[in-house]
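Presented sequentially are two complexes of subunit A, the first with subunit B as partner and the second with subunit C.
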Partner chain A sequence: MKRSFLKKLGLAIMGISLFLAAYFAAYAGKAITVKGSDTMLILGQRWAEIYMNQNPGVTIQVTGGGSGVGIAALINGSTDICEASRSMKSSEIDKLKERFNTIGVEIPVARDGLSIYLNAENKISELTLDQLRDIYTGKTTNWKDLGGEDTKIVLYGRENSSGTYSYFKDNVLQGLDFAAQTQTLPGTGAIVNAVSKDKFGIGYGGAAYAKAVKYSKVKKDATTPGYEPTLENIKNGKYPISRYLYWYLRNKPTGEIKKFVDFVLSPQGQEIVTKVGYFPVK
Partner chain B sequence: MKARIFLILILLVILGVSTSWAQTQEDSTEAAMQELKDRLDGISENISTLNSDVGILKYIKVTGYIQARYEYNDSSKYGANLNANNFYIRRGRIKLTVQPGTSSKYVIYFDASKNTVSLKEAYIELYKAVQQSNFTLTFGQFNWPFGYEIEYSSSKRDFPERSLAENNLFKGERDRGANLTLALPKYLQLNLGIFQGYGIENSTFAWADPTKPKDVIARAKTKLGMLDFGVSGYWGKNHTSGSAAVAGTTTWYDADGDAVVDPGEIKTTAPKAAVLAREDDKIRYGADAQLYLDFLPIGGTGIRAEYYQAKDYNSSAKKVANEKGWYLWLSQSITNKFGAATRYDYWNPNTDTNVKNDATGTLSLAMHYFWDSYVRITAAYDIPHKLKDNSIFSKYSGDVKDNRFTLQFQFTY
Partner chain C sequence: MKRLGTLEKNLQAKPLGFKKRFRLSEFLIEKAIFISSFFAILGVILIFLFVFREALPIFTNPEVTKEASLRLFFSTTIWQPISDNPRYGLIPIIVGTLKVVVVALFFSVPISVAAAIYTSEFAPLRAKEYIKPVVELLAGIPSVVLGFFALMVMASFFHGIFHSTMRLNALNAGVALSFAIIPVVYSIAEDSLNAVPRSIKEASLALGANRWQTAFRVSLSVAMPGVLAGVILGLGRAVGETMIVLMASGNASILSGNIFDSVRTMSATIAAELGEVVHGSAHYNVLFFIGASLFIFTLFINSLAHLTVTRLQRKLAGKI
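Right after this comes the complex of A and B.
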């Protein structure tokens, strides 16, 4: 290697260092962005509101779109924090390795009982996991077969970018495809709204959204009792479809992001979890 | 009395008219509601048809990337055949993936660069979950499931090109064949594939494989959090075409036209013996490891290394020779916007004889700037040199002017 080249290389490194220093200075006060799970949208917004009230100099932007969208944003660098209602897939971690040389940081921030919504007038009050699988795969299509009225079951579900969709598919449908007649809606709120207006509708989503609908109790099988997604039932493992809600970061949190993470995991942050309708991890 | 009867009659008339008017009003409201309902049903039907039509688009994904480059070579000289400083399109890729369900997938992948369009990949994948394990059968034209950097997309790699060992042993990175992947829960993935063996860039055997047995590849890789590790093996045959015997010739040219055979007017060529076609072993073994560290505040650090050991027919040495190659690649992310990397790449095409300047060692440096989520701008510098004693520590004198600077703009979608 020639000396002149080393000299040029040294100058180039110096130039880049100066540019980086300017870059850090320019971006030091930028907003923290949080993106992902629609299930966690309300929760994320509450955390952000309260944290910003307590820390007036900080700006936090929270948006939804679904866990898949949030993870994609984390991978392409357009969000600082990803909210996800499912774990990252191995293929998604591979993309993070390729782009950022990291495996990401997974932080469980809350627990959720994946609720089954029924219209308040529906006579059915509990369903087994097998029945839910048969309903959503199109094997059971009439409420009569489940002890209800002789009417067609109307299925409401999430889009495939949603973590709730993936979780439900993997854990309730056991990997099988959703029935073609499932109407996909863009958010848990939309599902709750649809089921509240449709006497013969059924939907699934986070516990925090259940307004003007009723929960179906869920049974592991026909011989076990049914349970509602309450804190006690989720904590003691009786409710069969519960999950963690996660925050994902590219690297170990530092600076303001670390302070925000600490706040979310603090007793105050976990109290917000309970107020919103989910279950604390601590 | 008359007045009372008259009043009653008027009331009856008014009542009759109003009842009739109310009836008419009710009928017309009902008709309007029915019409509205019919219209709503029609709209619902249209939306349902539209949803079904648009829903198909969700199954189709179009992805790809373009790499536009300027390359400056030290070796460049003036002249049409000597200038090596150029603007050009290195890769122009477009991939169409169709996945209507969770049990199958179709992929077709083209490259449009340097004025040609070529088929890079075309395959069908079938998926089957058995308890906690997932099987994938891939059939068609796709990447050889060997090592790390073959399957690592050029759109993600820090350096303009793959290592020399990979370029020599797996030219084109793809072949036609079948591959079975078994993903065991969490940690282990196994591959077993059979292939034609000549790759998509072999011009001699572009489509037909002259060797009846197919080449076999096996690979096992594991992911242990921040450390990934894999081993690969390739067992196949290499066909070298023979040539027919050529008879010797004697020709006379009467240069002075005197009809007499003079010395110097006769030319002879020696006969050539037939060269038999041959089949030789084509063996490759590989090991690769990747380590991801998160200890610097500026971003993640990736250390990637891969080793190749191979055996092929060497046409220069006219015998089966052993080959060796490896690289060590250090990559550092610097916030979301920047990246820096360096790689040392070693390749020795014949380890059996210690031929001087046989092996090559290349030091590469690269810097990236991520303009946005789609665009990456890369400046890279490659410093290759021939190694006198085939050792990376060997001294070399009179380094050839063959360094290369690359400026690349890449758009990925």
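Right after this comes the complex of A and C.
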């Protein structure tokens, strides 16, 4: 190659990288970072999209990774807002205190009915909490023990960085371990996709993701009726596994972040919650 | 002694120790290149040291050893790090990696070696010019795309044929992985076959063997170390491949010999769990230990492949 061409190419590359660096530096300064729960990811993205449309000067970056990842990012300072589908553990709050001398600010922004997904062709349509626990700890392995066909139950779950995983483990499994056969998929969407393609699959996740699968009615025990995760059932407490979805910040919000938080808690923000498929916080 | 004139002096045999003229620019460039290569090697060494340092508490820290030690890794068959009773059984994860790699090699090695034999021995010249770049194009497919394809399309395809209990299983991940390995094995096998001296092939043909026999019994035998090196490199690549197995294998830490069961591999475990792990905890150390094992294994594999290829080259050059 000619030397003059190489020289021009080198200068061009340097110029482009400098430009990109300057662009990102300017960009990053004004961006609000939101990181965390995969369950809340579409919610966060929708809020960010609509807020950015209404406020053109602001940039909001939303990423997933799981509630655990979001909380870890909050603790090591790499995000402004952390989305979490579970509450922070005391060990995490201690770490936050150690690093930033604050116990953080917890803002419930929505509610979710942790849904159990079943394939649309599955004959079973309701399960009690005890049955769910037996299924996911591996005690019950065949659908026929629940009144269905004589086939093995295929378990789908989340990775252990997920807030949904933690919530399910604490509240449904009551601290017991998931069965080794639980296939761990990287997000609620992946679980829904897997259950929709697998006639004998069962999965769990946020209420907003269900497409082409059906919700299983959940009963507190064998004597009470089963309820689907709908708005009224969550509001009146009849659906047994509902939870708050949180935003965590290091300090009380100020400036642009405060405006964003106010937007999210406003009637418009809560309407977006309903549209996405979750339930408003009030 | 006869006094030497200029001509005689110039014609005298001189020992080969020419003194180079010292040029500053050359000196600087030499040193700059040396420093660049030094940084590359330094980078690898530092990564090595960092990974091992983070894995070291498993051997040295008594608090960590209570939960996770070499003995504990192999005394349980359950991988359950997040729990009231954390268990770090590495056996299902290692077996999972092996299963996927075996399936991948089973599919990719016959295909790539056959393709290499075809392109180097039988293909017409024009075809050779097209086939090799196209196979190498396969190497350019990002692994996340292969993983996505396996998750969405291949899993349903295999499920439709075999009706296995689990849709995402070792077979699915293994076949997807074989797409990633085929270019690696093919390239090296083909280069080795091409390096077989024509004189050997011509001698075989002259002695009455047909092209088929020459290709399989003569060329392949001579090039076998190179082909093996290709397979070994493919093996190394398969063990380290993360994204494909993360998406296509189901990630359930099941210990079984059935390829229709979901598997959890070492690389996918690290990728999935490192994001949330508490820095400095036993879980963290165990994940780095897995990473260090993968590092050592691939280092060993690559050295083996390199040695095999060098041996082949020396053999063909007549030095062995």
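Going forward, the second predicted complex is superposed on the first by the 253 of 282 C-alpha atoms of A that agree within 3 Å, B and C clash if a C-alpha of one lies under 4 Å from a C-alpha of the other, contacts with A are read in each partner's own complex, and residues count from 1 in each chain.
Following the convention adopted for this analysis, a residue touches a chain if its C-beta (ideal position, glycine included) is under 8 Å from a C-beta of that chain, and two chains touch if they have at least 3 such contacts.
On a predicted model such as this, the values are computed, not experimentally measured, just so you know.
> If you stack the two complexes on chain A, which partner ends up touching A:194: first (subunit B), second (subunit C), both, or neither?
In the superposition, A:194 contacts subunit C only.
> Please work out whether A:160 is in contact with subunit B alone, subunit C alone, both, or neither, and reply first, second, both or neither.
both
> Should A:61 be classified as contacting the first partner (subunit B), the second (subunit C), both, or neither?
Neither partner.
> One more residue to check, A:77. First (subunit B), second (subunit C), both or neither?
first
> Determine, under the contact definition given at the top, whether A:175 touches first (subunit B), second (subunit C), both, or neither.
So A:175 meets both subunit B and subunit C here.
> Of the two partner chains, subunit B (first) and subunit C (second), which one does A:102 touch, if any: first, second, both, or neither?
First partner only, subunit B.
> With both complexes superposed on chain A, which partner does A:251 reach: first (subunit B), second (subunit C), both or neither?
First partner only, subunit B.
> Subunit A residues touched by both subunit B and subunit C?
Touching subunit B in the first complex and subunit C in the second, residues 160, 175, 177 of subunit A appear in both lists.
> Can you list the residues on subunit A that touch subunit C in the complex?
That would be residues 65-66, 68-69, 72, 91, 151-152, 154-155, 159-161, 175, 177-178, 180-186, 190, 193-194, 197-198, 200-201 of subunit A.
> So in the complex, which bits of subunit B are touching subunit A?
Touch residues, subunit B against subunit A: 58, 101-102, 129, 152-153, 156, 223, 225-226, 228, 290, 292-294, 297, 299-302, 331-338, 365, 367, 370, 373, 383.
> For the complex, give me every residue of subunit A touching subunit B.
Per the touch definition, subunit A meets subunit B at residues 1, 9, 16, 20, 23-24, 27, 76-78, 90, 97-103, 105, 160, 175, 177, 250-252, 254.
> How about subunit C: which of its residues touch subunit A in the complex?
78-85, 92, 151-152, 155-156, 159, 165-168, 246-247, 250-255, 262, 264, 272-273, 275-276, 278
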